[in-house]
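Note that subunit A is present in both complexes that follow, paired respectively with subunit B and with subunit C.
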Partner chain A sequence: MIDWISIYRAQFAVTFGAQLQYRASLAIWLLGLVLAPVISLVVWTTVAASGGGQAGGFSQGEFAAYFLALLVANHLTFTWVAWDFEFRVRNGSLSGQLLRPVDPIHANIADNVTYKVITLLAVVPATAVLAWAFEPAADTSWLNLVLFLPVVALAATLRFLVEYSLAMAAFWTTRVFAINDLYYVPLFFFSGQLVPLALLPDWVRAVGNLLPFRWMLSFPVEVAIGRVAPSEVPIGVACQLAWIGAFLVVRSMAWRHGVRRYSAVGA
Partner chain B sequence: MNDLAVATVRLRKTYQVPVRQSGIAASLRSLVRRTTRDVHAVDGLSLSIAPGEITGFLGPNGAGKTTTLKMLAGLLYPTSGEVTVLGHVPSRREPAFLRQITLVMGQRNQLQWDIPVADSFELNRTVYRVPAAAFRRTLDDLASLLDLGPLMMKPVRQLSLGERMKCEIAVALLHQPRILFLDEPTIGLDVTMQRRIRAFVAEYNRRHGATVLLTSHYMADVEALCKRVIVIHHGRLLFDGELSALVARFSTHKTIAIDLDGDAPDARAVLERIGEVVSIEDGHAVVRVPKSQTARATGEILATLPVADLSVEDPPVDDVIERVFASTRDATGDGDASHEGVAG
Partner chain C sequence: MTIVRLLAVYLRVGILTELQYRANFYVQAFRSVLSLATGLAGLAVVFSHATTLAGWRPHELLAVLGVYLVISGVVRFAIQPAMERLMEDVREGTLDYVLTKPEDSLVLVSVRANAIWRLVDVVLGVAVVGYAVATSGGSLGAYEFAAFVVSLGAAVATIYGFLVILTTLSFWFTRVENILVIFQSMYEAGKWPVDIYPAWLRATLTFLVPVAFAVTVPAGALSGRATPLTLAATVAIAVVMVVAARRFWLVGLRRYSGASA
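Let's look at the complex of A and B:
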């Protein structure tokens, strides 16, 4: 039996140390993560203000609540695994990991979780300051806020698996960036980063429901601000679980075939 | 086959390398249709290595040594042929297999770049499930042997190449593997440290009965450690046997070293008639003669010159190896499909 607790504890120690070595770049990353939703926040509260305090059923305060929840959820679900994986395939440092008797995905998971824990220390106060400045208002409940936690955890799992599966493309082409760019366009649109999905035409939303993107980010945001009633949460969770199952299969198949093609460049 | 530590049968690895001519027209053409060329990095290699052997793996750059080691360690899938290492098929990368092997390459690999060496060691301890007591013991051994003490708390990126190599070797051995694949383990190290690593590998082999397959550019490594050598060229087996047999087989010449007793002004003229004079000064001369003529040459020198001392030696292994590669290059030409080698 593999002692996962020890492995993760040691892996956390490693990633913790590694990430704290680069405090400056950590701060810059974080600034980007906070700024993007702030821009949307400013734009949409302005639109709402000029529309007599309302735009597409969202008041100024509701826009503020939406984008602040988005800021937190995006931070919790965000990954850079595709970039990292491509780098390790291209420079050959994946070889060192392949020699170990543990799947390299666990190093990525630990890396991701550590990053979240460290940066949360900055994201929480940043959100608090923004909340003070933009005065969010949401018709939500305690139950919604509690449900946000498992829902955002599932969203993070799904987003990680989707992006890990995409990262497997590195085995076939050593330029994954192009594929990533292709992925970020629908992600930006259908995950609710551009505008709340509620503002989109019905048919676009219907399409969005069939794609994985809503379940990776928008759904936990909708739960947090009370746009999804607690009774409707199980349906969304079922969709999340279905996509997670699908991408577990995709990632393990892509991994099995990809590793065969790995040409162990350099190292 | 399962009694062997390493066994390969007609092992082959072919890379497809994209070919592109220069120029805009060629670039555009390659957009539509990619042409690739097959490169046979390893071309039908059959080897067997018994447990506990230390084998030197020699060949010029690009001969296929590293590709072979990577296939044996499970990093690369063979294009065809069979491989078993300790009864496992390496490319399946089963944990039970990975826990018994190690591969050290002359680049960063197991160590984490940004954290102290000790943390990388600790990570590998848990990943390989090394019991704490055994870990402590191995680490103490390694630390004193490789002089790791002052390095343990430094982040890896602050280490010099030599220091990093020492730590790579140490971290690769913490789980006490039964097979060591060492690709240029002494590269970048000073002579003292090279000697220490050599002594360490020999000691590790003796103590644990581990099998070692080693490539090195330093013949001193090979001479000190390996009784058996495998020479490959263009991915094919050129020689497999004892190091002394390699020298005997491929050295076409012997060198005769002579110490002259007193004056012999005509010594150079005499020696030039007998063979190729490598050096002559201060009453000491070295002459190279074809192997078949060694006895006749020795007799003639003793008869015509005032000799105080004379010894007949094989040429240095380095020279022999160089000669082997040079001769196969001449015989086959690069990329020639008909390279037969002189497999033994």
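Let's look at the complex of A and C:
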């Protein structure tokens, strides 16, 4: 029986130390993360202002609430595993990790969680300042806000698994930057980062419902601002779990086949 | 012209390197088209809910998107790869190999890396700008065209200077790759004319990160928004930025110690 608790305790200690080494780049990365939703927020409040205070059923305040919730949810769910993994495959530093008796995915999980915990200390005040500047308003309930927590945790799990599965392509192609970029386009569109999914044409939304992206980001945001009633949350959670199950299988199959092809290119 | 000769040499090397990864070209072309489609779809969604955005009409916003693509294509084709390489060299101590070469160090670090597939974005951007002009109804006057070309050239110089300054910071802070990430997300703001942003953000995007001069001004020049005064300011800023970048580079270089070499 593997002692997961001590494995994770060790991983957390290592990643915590490593992250704090580079405080300046943490702050910089954070600024980038905050800016993107602010752009969309401004564009859409401008649209709402020119449309007599609302557009597509969203008031200016609701757009602000939507994009601020998106900022927090995006922060909690994003990963950088694809870059990281490609780098380790390309320069051969994955070899060292393969010698350990634990799947390297656990190091990535610990890394990700530590980063989120540390940076949350800055994301929360940043969101508060933006909330003061843009005056969000949403018709939501306490129950919705509480439900946001498990839903965003599932979204983060799903997004991590999807991006980890994608990162496995590095075993076959060595360079996956282009594949990543390709992935970010539909993600941007169908996860509600461009615009709330409710404002998209019906047929686009229908396509989006067949893809995993909504469940990786948009869904927790919709829950937080009260666009999804608490009684509808279980259906969404079921979709999230189904996708998580599917990508657990994809990830482990890709890992098992990929690692056999691994030849430590640059080592 | 040593600069031109060096540029040609490194461009050739870059092309030969990238030809080894030809699959990346198709993926890149596909990605560029998809990203253009996303941009267009974004505009379509906006204009399905509004007729103008802060006074900008649809074809003008299309021109903004086109210029955005052109500039980001140039940045990612030539400037960003060079700067990323430079940061890595400063961290690893391998900048020694550049400094020992008998050419100007800033010129050398600026031309020695490129990513040719990114030129796809430039081509697409030019096509979008052309389409925006063609659908604008009026014909493009000589002044508008000249203003567009001048401000576009100034935009590239400004961004180059700005990125050199950012990258030079790595002599002090070692790990600054993420500074390019900030630049990119700030630059994303340029997909829209800076007029729509609240005053504090507009000031940031004009003076702190030169997005306004990089995208909004050239795109606006096409529909006659650039006054001679704006144009003069744009060129002046470009000159100041490049000169300042060179000065700052020379200061930074003195701190370089080839740490881990």
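Heads up, the rule we're going with is that the second predicted complex is superposed on the first by the 265 of 267 C-alpha atoms of A that agree within 3 Å, B and C clash if a C-alpha of one lies under 4 Å from a C-alpha of the other, contacts with A are read in each partner's own complex, and residues count from 1 in each chain.
Everything that follows uses one rule, which is that a contact is a pair of C-beta atoms (placed from the backbone, for glycine too) under 8 Å apart; a residue touches a chain by one contact, two chains touch by 3 or more.
Computed from a prediction, not measured in an experiment: that's the story for all the values here.
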Once subunit A from each complex is brought into register, does subunit C clash with subunit B or fit beside it? fit
Which holds for A:231: it touches subunit B only (first), subunit C only (second), both, or neither? neither
With both structures superposed on the shared chain, find the angle between the C-alpha centres of subunit B and subunit C as seen from the C-alpha centre of subunit A, to the nearest 10 degrees. 80
For A:175, select first, second, both or neither according to whether it touches subunit B, subunit C, the two together, or no partner. second
Identify the partner contact of A:189: answer first if only subunit B is touched, second if only subunit C is, both if each is, neither if none is. second
With both complexes overlaid on chain A, does A:46 touch subunit B (first), subunit C (second), both or neither? second
Using only C-alpha atoms, work out how near subunit B sits to subunit C after the chain A superposition, in angstrom. 5
Dual-contact residues of subunit A (subunit B, subunit C) 22
Interface residues, subunit B side, partner subunit A - complex: 15, 70, 73-77, 91, 93, 95-96, 98-99, 101-103, 105, 107-110, 112-116, 119-120, 122-129, 155
Contact footprint of subunit C on subunit A as seen in their complex: 22, 24-25, 28-29, 31-33, 35-36, 38-39, 42-43, 46-47, 50-51, 55-56, 133, 173, 175, 177-179, 181-182, 185-186, 188-189, 194-195, 199-201
Residue ranges of subunit A in contact with subunit B within the complex: 2-3, 6-7, 9-11, 13-14, 17-18, 21-22, 92-93, 95-96, 98-102, 259-264, 266-267
Mind pulling up the subunit C residues that touch subunit A in the complex? 21, 23-24, 27-28, 30-31, 34-35, 37-38, 41-42, 45-46, 48-54, 173, 175-179, 181-182, 184-186, 188-189, 191-192, 196-198, 201
